[in-house]
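There are two complexes below, and they share subunit A, which is joined by subunit B in the first and by subunit C in the second.
On to the complex of A and B.
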């Protein structure tokens, strides 16, 4: 009925068409782009379904990725695609969508246009879905594996019997094992709708063998239908298929939880390692640790803007303009790699400044160091507010950190894999510094007995300064990473400081391996509880409760370190 | 501390103005503004103070209310609920304001309520809330659940969505909204197993809690996103999010990283407006949906004039603490603006500033053509208004996909959908 109405509504539109030759796909797309009516747009796009012209996926993909622009003249709006490099005036060559010819001015000369001449052609999610349906059929033979996979899944889930022939034709040609599986699943799902019971049974056997998570809903629905029909063979076959899907789901959940636990543990570790040095080794109750993390995150934000269009920072009435490098593409995406060492340096410098100005007077007075660093943390938060505003700032994720590998239905997010590797590298680096360098030797000497080390000729002041700088720099690294998964704002440090102290205290103050083990234990426990209870709030409460009980049992944490620095 | 000092100065300056202008005191009417100008809520609420200052200036420039100029008494609720009650007391008992505009969180409103009822004062409340309340001392210009959440569900159903995942921050507004949504979805024939997020049942088997909740400031959304991914594996799924504030950032970053997109499984958020967008990563949010009674992108002369006037006011205002760069307009701001004009209309209709008479005028069904379209007051102290569904764009604005005209504001929804 709905479609009939739409057809009636569209009829006058078609009548308005110039008579004669049918529209080319280019013309249809051009008309869809300039149309202001969402239904017309969708109908036009859907009419391209099944047509083989190569230009269709090219233009639809361009539209979806905001690469089709509307060029406005006085009389008309012309959809164009831009190409070539920008010249000195920022102008680019434009190609008309409707005929593939270069855009021309009144005199028939090719026209180069600049940014203010055009705007991006809009699209809605419903329209993108219509485009996707067209592209799905095209995508079945796409060289891109992900695209083929998605296309097959969408077609299968629609359970449309008319698509069986296309999928069957594709099956022997497909070389990728994942897409092959998806094709078999799609065919089986469509065949569940078949009238013939033997076909249904064969489909169920196939689904049991494949055991995909995506088939579970369809199987459950099928089970209710089979039960309604009281068909015992079908019920048994469906139950057996469902059972094998659920077994698979348990495995996915179990392995997924372990991976997520490791990733959360790595984040805690990166966060807490700096504190394990400033608090654990040096004995400074460093309440400003969270703000050192924020320094790292804001450095990442600055680097991002310097790689981009630049930034203006108001600072005590002065306005500091930093020009940008206006990079794009991979050069811009590289910003995060550059930001990592810079965050370390920046936070280390701030840490050294803090140590020289305040903390060096407080080594023997831990309670006062708590108050002083808490004050510093408030001051730093205000400075962030003055420089960057009290709102959170936007840090975008580079492409190489915003995808995932999905192996056997378990998601391995690139950012999560990165943090695990990152954490291991940092731990390894810190271990190298502490055990294989002369600075490490001095640090350990000073931390064990400051007075004695001093008597032996160690310049303890300098070692203290560098150690605090190292701890702060590590916090800066944590900040650079956190900008990829969470908020960057003036009070972001406050959100993490409790977790940091918790990790260090559970691991045993002054013991770096203890911090590593405690970070991973807390991470795994937290994720396991979330998975079992399915409630993050109660999960978090239980973790905290477990830690309180643990500290009742072992007040000094996992590993007890005897160090004079704590007894000074 | 500094902020408090500045705001004290501000109050002092206002008091001074009042004193200087006391000769013409008969020509002004005091109007209270009760928002958090410091603390965690300041980011959102300061915008509402700004828009109220703008509205008062605009009304005064046109001759005021019944010939009297509006004199704003601005106080700071400081994101602290008992402070809200204290300041409300100060406004009603000491300053004797004719009306107050204010509050953002539901809990601040609940704290202010007894003060208002004791003194028979009137508050205009502008921010989407959970309903289940109808005080004679509050006029709710806010979106009720049926002016935001249920239209979003209607939109999803029309788009062919079959599975709904409910997710929210752990406090009263998301929990109440999700319970109402659960009833609504069931009434629309969506089976219980197609509603994700989990349920809590009491001993009799009645569902007392629906959806997945995370605390304020939660940062780790891995497990939830993995669950949504499994939920959405069989297609036609969507997420209804009442996540609040900056927890949206880690959620959407995780969501995008796991490969879920607006095309495969869209998210509609009820707490992200243009104003919140200023601190969110645009790339991860593009294509996700919002649902409000106003978007800055509404293409109407009234809205264009409103946006331009507000920007012009921002450029020339000398008031302290007003941020001038990168400002946008959003639904709570426009509902504050509409509220002040509706109050003006009610006063003029009643011919008096007396609360009882103004209330009676409000209940009689006054209309105002605001930036978001026509709004009309109702007997139940709520507002009939248009509802829009929009899709987020990379520039932090919304492309409007669908609008519902003149939706009646209904606060009592629990148990309504059978």
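On to the complex of A and C.
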């Protein structure tokens, strides 16, 4: 890959350099600066045309703004750039233009020079024009792909006809397909301004074929112009191009919505999975489930700080940090890997504590357990506020989660892709635990018939405790994910708790496949309605209404665990 | 204590408290012994007591934990609030500045509306608004209850669904395009039925109205719980399937109770708005419903006095604690709630009964030992 890239970058360089291939841009510029003949200077500068190395704009700009100086020794004239502050003697550090090294004296020591040692390098207006021509397209040939893409797009959107030649020259040389597309788009956009109708038509055909989202505004503008001129052929061609762009936009929006819906669904899924298990097993709706999310998210925040600057524990005056870790270290990027299991553990521990201290006394009174856990939720929220402040805390995404893939204009954020993938892994893991381990066997036994399981010697108390820990831990995991996507604050759990309950109720209590299906359908419906109505709130209300109506049709959810018992 | 004597005690207690609230406090206020501020605060408590009764009617008497009562409460408030907004008239900020020729509510002018939307117009009439206070929440409860009880949604599911409904309604009312004032809701009222809301006399009148309403609702529920209807209601709480199989259409009973309690909550809200001087969607959130449930649980559910006592005690505690310990108030509330649920399921009302054996033991420490030798 590396060699390939290098070849790509070098290719234009070889193709565009008729002379002096052995010379570096620095050397060429140095030679031009020293040269006394204006024509030679221009030729040398123009020979840089089409090269993209970053040193070229740097040095040429310096030259134009009188920041390159000529340092005369007895034998030669050396062009230099000055840097650093002047010392007491008024001397500055000088860097040679031809090789970028510091200027040295005969003994090889860095040489500091003062004003009388050098004079400013001159430039004529013709030379400045030549420099500007080079500078104009320097980004077009930059080795950096993003820079090239941006340069092309800027030129295209300016619709400057004088740039056509440059772009056309660049088109066959460009090897990156994205930049190539952008070049074609830019050319077509510029040609829309052409006087000749045939050229305009050809440009429209090209734009139709490309169907880029960015061309839509230009096409619309062009359409109004064409309509003003009452030119039927142009109107038809523009409309056809616009239609093609809009179809493309619809496809992009549609797939983007599905993607966002899936990622929202995955979060709901991880959240609801925990709730479904605890509710299915114990008939306890845990109103503090949302706060377990916050526990997970705050754990992620703490781990991030431990990996970074360290944290201070106010009560004991302790500070906790890992020696040698800091915000810029490579290890900092891996805080999230450590945060995932820790957030699970932390939330599981809080959950087990909650179960032991409060919920275990209320198994016979499910409605009251709902109330007691609400009390817990209020207390926990206030504790978060006191510990971390009532504002949101900052959790940064590690590098490997903060980029995105753009496939055919659809943006796939890595964090969302990660969430979807991880949610599927968690579902698989939970399924494994429930069906392939002895704990899972016990959980299912207690779920189906608590009394009977107890008679067979299952320690239902202990199973309750572990299950509650598992459910809370899953909420903690969801919190770790949410810290990458949304805000982390004391009442973050409240934003998800209603959705989460809905997911469980729609899916059918204690039913894994039901929960999976309902989480994804709620996530998708929510995002789809947002996209269609362009209004998240109305979308949310409609989803809630849809769920209430759905329960008319299936009061016990998608999948019902059937039993002969009347009271459940 | 015999049943008759306990009824007598209850009658005397209620009569004394009611007389004090309806006659005593306003008189003290009129002669300057009680500050206007406290009349206002107590008026608020009594409105909350109405809300608590509506929760208790459902949860304590019928076994339905509705988390939607705050929505009905707020809806009632909004209905009367619409009337009060229109009564501001020329006293509004924009109207005074001469920028409001149509005399629209200020928030509408702020949002750039130039005429009054059609659904606002009938609210110029106080009678219509008062009717809507009962009708709108009542009809909403009827429709939702019909759907919910028809498909036999009960227990925790009912709670979750009512919570979702309230959440949705709050989201709706937070929007400006709903034309109900958005985030800020209604505020800055000036007149009710021609009298100035900013005077002590009007506030005193509202306080008396609230206390009378509370007494009427109390008597109504007391009467209802002693009829056969009340018996069926409690039977549904204790064993719905048995009632169903005995041939009672439990869904109809529940629907009636749900609608009635929505109307009670709504009346409470309508009385709350002019006394507090505003309403906004944050009153509508599910958390407020849960808070009302806390009042009932602390006071004692399934009793008549419990919710009233709970609403007053908790809110008085809140008034005190939010000033003294603003950071810890929620921890106190949550902790108190957990403790009550765990250790005092009967609430404050059950305290005398629970303390009675202890009191007896304290009075006659030797008595138990005297009776044991028989074993």
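Just so it is clear, the second predicted complex is superposed on the first by the 404 of 568 C-alpha atoms of A that agree within 3 Å, B and C clash if a C-alpha of one lies under 4 Å from a C-alpha of the other, contacts with A are read in each partner's own complex, and residues count from 1 in each chain.
We adopt the following convention: a contact is a pair of C-beta atoms (placed from the backbone, for glycine too) under 8 Å apart; a residue touches a chain by one contact, two chains touch by 3 or more.
None of these values were measured; they are calculated from a predicted model.
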item	value
Partner chain(s) touched by A:95 [first = subunit B, second = subunit C, both, neither]	neither
Contacts of A:217 with subunit B and subunit C, given as first, second, both or neither	first
Touched partner set for A:24, first subunit B, second subunit C, both or neither	neither
Which of subunit B and subunit C A:502 touches, first, second, both or neither	second
A:485 touches, of subunit B and subunit C: first, second, both or neither?	first
First (subunit B), second (subunit C), both or neither touched by A:372	second
Touched partner set for A:383, first subunit B, second subunit C, both or neither	second
Which partner reaches more residues of subunit A (counting touched residues only), subunit B or subunit C	B
First (subunit B), second (subunit C), both or neither touched by A:180	neither
Partner chain in contact with A:132 - subunit B first, subunit C second, else both or neither	first
Subunit B/subunit C common contact set on subunit A	537, 540
Interfacial residue positions of subunit A with respect to subunit B in the complex	38, 66, 122, 124-126, 128-129, 132, 150, 153-154, 157-158, 212-218, 220, 249, 252, 256-257, 260, 263-264, 267, 389-397, 401-404, 406, 409, 411, 413-416, 484-487, 489, 495, 526-527, 530-531, 534-537, 540
Parts of subunit B lying in touch with subunit A, wherever the complex brings them together	42-43, 159, 163, 170, 193, 198, 212-215, 217-220, 222-227, 229-230, 233-236, 246, 249-250, 253-254, 256-259, 262-264, 266, 278-284, 287, 289, 323, 391, 393-394, 399, 401
Touching residues (chain side subunit A, partner subunit C) in the complex	279, 283, 285, 358, 361-362, 365-368, 370-372, 374-379, 381-383, 385-386, 498, 501-502, 505, 537, 540-541, 544-545, 547-549, 551-552, 555, 566-567
Residue ranges of subunit C in contact with subunit A within the complex	59, 63, 65, 144, 147-148, 150-153, 155-157, 159-161, 163-165, 167-168, 171-172, 174-175, 241, 286, 290, 293-294, 297, 327-328, 330-331, 333-338, 341-342, 345
